[in-house]
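Please go over the structures that come below.
Heads up, the next two complexes both have chain A, just with different partners, chain B and then chain C.
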Partner chain A sequence: MSVTESTRSIAVAAGALRAPKVRQRKVLLVAATALLILLIWQIASAFDASGLVPTPSGILLAMPGVFTNPSFWIDTLDTSLAILEGLAIGVVFGTLIGLLTGRVRWLRGLTAPYVAGLYAVPLLALVPLATIWLGYSPVARLALITVAALLPCIVSTVDGARKIARELEDAAFVLHMPKRRVLFDLVFPATLPYIMAGVNVAIGRAIVAAIAVEFLASVPGLGRFILINARSFHQDASIVGVFVLVVLGVLGTTAVEAARRRMAPWHNPRGEK
Partner chain B sequence: MTQNHSSAARARRYFASGPGHPVVLGAVGLGIGLVVWQIAGSAEPVLLSTPGRAWNAFIELVVSGKLFTALGESGVIFLIGLAIAIVVGVGYGILVTRARLLREGTQWLVYALQAVPMVAVAPIVLIVMGFGVGAKSFVVFASAVFPILINTMEGARHAPPELLDTAHIFRSSERRIWRDLLIPHTVPYAMTGIRQGIAMAFVGTLVAEFFLNATGIGGLMLSASSRFDISTVLALTVLSAVIAVSLMGLGRLLESRFSSWRGEEGR
Partner chain C sequence: MNQPVQGGAVVELSEVSMYYGSRKVTDAINLELRRGEVLSIVGPSGCGKTTLLRAVAGLNRPGSGEIRVDGVPVAGAAPEGVSMVFQHFGLFPWKTVEANIAYPLVVRGVRKKDAVEQTRRLVEMVGLSGFENSYPHQLSGGMQQRTGLARALAVNPRVLLMDEPFGALDAQTREVLQFELLDLWATSAVTTLFVTHSIEEAVLFGDRIAVLRGQPSSVVELIDVNLPKPRERSVMATPEFARLREHVWNLVMSNEVPA
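For the complex of A and B:
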């Protein structure tokens, strides 16, 4: 016993010693590929006579100009606030609708075709309707962000509300919990991790919705910044805008993931399958 | 015992009660929606139209042949983009499991690029590549390739090491390792990716048609919207929802057709 244990501990120690080296090698490899790709991109774009292809050096040189431009930050703030507002509305209503339709079967049946259709349809297809009903305005943008965020929240909440442990339901029944308390003290907390998973999907969709409306309805914001720069052949500045957009999305999903770990530490999405 | 059982049954009913078959309920829900639309549309015809007028607009598109032309245009870029995405996604996904340097070197890039929304890049694609069939197919490709690639990578990475070792011991050629081991093992995972890729390819088709040049279904939608022709817009919106749902059903069918190939190994 002691022999195997000591060999194992030696192996573990050796692994621990080797681990940083392996990681170092990996970092080097990633850096090398990144450099290689940038280099090939830069050299290849030298053969492009039109001058329309964005280049790594061009993007780098465009950065100071974009980042010191106050109107860029106003645009970014504008879009971010619209996304946050739409997300908040979509998440609150999505959760409520999800809890209700998750627990009441006939309501779920009645609304199923709408939820399935609206979730499946590309958000872009809803932009013409939104602009006709709400004008070429920030209101149309907010509405589309809200719808974009609403659907994944509904679907994910319904999923969670239907997967509650039977023992908990039985206990609630035996204790004669009133339905309202069941909903808020049992179903809601048990569903919380699923709601957060829905929010994570919603962030990406909300960003796409905001950009799509800004493009088509010319609403001021980060999307229009990207569009105007691309149209006036400042494609490098345009790429910087896309980059900021991606960073916003990654920040959002990281924050939600961290919140989920804090608020529902018992939930382990990898273990459930 | 019986009492216990009946109370459990009552508990079930307490939580998940409700009459009706899901399909019947769904149909009733759609019926209620149509009635509400009819009533609301009669009160506010300019903004809401009515189910009947939207249907007439749809028939008009069919009779004039515009719809089929548009479906053809959309279909071409959808199929070209999706086909290239499947070949590249599955091919590269399996390749990186055989080439560790390539995987470790490029995996971060795949995940980074996947986070970029295609809509935002569309104007840049437009100025770099123009608005021909090639550029539009590229948008479809770039939308669809990442789910296919990532699922294939995940699947191929979990190829059973015993089988790979056996193949090596018997000095199997690289070509036969691919044909008899890696590809059959990876197919079910790739199908999951392809299911997601099909949905993304439709999104990409609309992105291309909205932002590169207005052809196909997206083009019809844009022109109807700029005329404030609400009946046509509504008909096309419902149509694209139906297309999207059908494509998802098709993808799910494909996926379940191959899911029995999934071995018990791993999980």
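For the complex of A and C:
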């Protein structure tokens, strides 16, 4: 045992020494790449005579104006809250439906064609219908975000609930895990990494849904901010809005990844760090 | 090491036929495990050894025949006091070593204080002190199987089912664990069904060895292992061990359909 302990501590020490260096190099690399892209963009835009292509410097100059504009913040908050709300509803129900249909074969047989079909439908196609039923309103936006978030959660959760290792099912049986605890002691934790993967996809789809409805139904929000600015030749301001969307998406997926590491530390596909 | 010595249960398999879909894998197997006895089952792959072991746990239902643990037929549920050690450990990856070992106690409603005490004792017994709060993925295969063994022993089992318990370990770790298991049995014998591919392991652990062969398979020979108990590593160097190994080897390998 002492041998394994000492090898472990050596490995841990080596990892601790290496980790900050690797991270530093990674950050530097990312920053350098970003700078290079911005530079190429700036130089290339000098060849554009029309003045319709946004430039990095133009965007930078547009930022103060956008960020001091209260209506921009109202729009951003509006869209963000709608996305959060729709995600919350979609994730909770998607996970519940996924767990249930993943475990109960006849329910899965009954629902699978509709889930697969809806998952494959481009959400844009549903916007006109949603606006007819729910009006050109934030309700239509919320409904579409919810559906957009719901489906990847169902699909991924079903996948996970069906892939529980047979040995774990056997262990649960032999250890006399009570039926009423199977969901919380076995199915939920075993499926958790898949649930998280579903949420990750759902975030992207929820943002797309929010913006799509705002574009097509002219619901106030960040999407409409982007559209209006682009149409009135304020490309730089429009791009600032796009960047905010990027930040929202990245923040969301980073938060989910952090939650996954915390809640499912055992799940480490292919030994990734 | 104050594991209460329990004789364990009598396990009877009478006329047990197991099926894989419509294919019959074992044909009317009759076996009786005596109290505290270790019965090794060997045979070529696909002969149904694991299927039989799973049937004793209640995981598979026999197509015909009956399995009784201390006279009570196994039907649909895992019989109380029957523990299992899995080839790939069967640990819950979201639970720490401690929580895995304690789980059967928690399920049985053992008082928290007693469960903690019992778990601590088991952790010590299998040599995992200091790793209580590690997750299985942070441990070597050998340490994971120690955890699996401790969890199986947590309920003071009457019957221990071991399905290739060392099959997923590297050769060196396997040997270490084999002799630790022998040590453990020296102090607390419990009726054990030991399924293995390794003929050496079957001889080393078994009080008797059942050799399964054929399609569907039946017990071609039930061999008494007259090696001294408690067993030690040194028995592997005795002529009797070599004779038994050869004998079992010939039984397993003869007439086998080429793989």
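Heads up, the rule we're going with is that the second predicted complex is superposed on the first by the 213 of 273 C-alpha atoms of A that agree within 3 Å, B and C clash if a C-alpha of one lies under 4 Å from a C-alpha of the other, contacts with A are read in each partner's own complex, and residues count from 1 in each chain.
Assume contacts are C-beta pairs under 8 Å (C-beta built on N, C-alpha and C of every residue); 3 or more make two chains touch, one makes a residue touch a chain.
These numbers come from a predicted model, not from an experiment.
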- Task: Considering only touches as defined above, state whether A:F67 meets chain B (first), chain C (second), both or neither.
- Result: neither
- Query: Is A:F184 contacted by the first partner chain B, the second partner chain C, both or neither?
  - Reply: neither
- Query: Does the superposition put A:S238 against chain B (first), chain C (second), both, or neither?
  - Reply: first
- Scan A:L192 for contacts with chain B and chain C and give back first, second, both or neither. second
- Query: So, does A:W266 touch the first partner chain B, the second partner chain C, both, or neither?
  - Reply: second
- Go through the superposed model and pick first if A:V246 touches only chain B, second if only chain C, both, or neither. first
- Residues of chain A touched: more by chain B or chain C? B
- After lining up the shared chain so the two structures overlap, which partner does A:E167 touch, if you call chain B first and chain C second: first, second, both or neither? second
- Item | Residues of chain A that lie at the interface with chain B and also at the interface with chain C | 170, 173
- Item | chain A residues touching chain C - in the complex, by the definition given at the top | 1, 4-5, 165, 167-168, 170-171, 173-178, 181, 185-186, 189-190, 192, 264-268
- Task: Note which residues of chain B are touching chain A in the complex, please.
- Result: 7-8, 10-11, 14-22, 24-26, 28-30, 32-33, 47, 101, 104-106, 108-109, 112, 115-117, 119-124, 126-128, 199, 202-203, 206-207, 210-211, 218, 221-222, 224-225, 228, 230, 233-234, 236-238, 240-242, 244-245, 248, 267
- Item | Contacting residues of chain C [partner chain A, same complex] | 54, 57-59, 77-78, 80, 82-84, 86-94, 103-104, 107-108, 127, 130, 135-137, 140, 143, 151
- Task: Spell out the residues on chain A that touch chain B in their complex, using ranges where they run on.
- Result: 26, 29-30, 32-34, 37, 52-54, 103-114, 116-118, 120-129, 131-133, 169-170, 173, 182, 204, 207-208, 211-212, 215-216, 223, 226-227, 230-231, 233, 235, 238-239, 241-242, 245-246, 249-250, 273
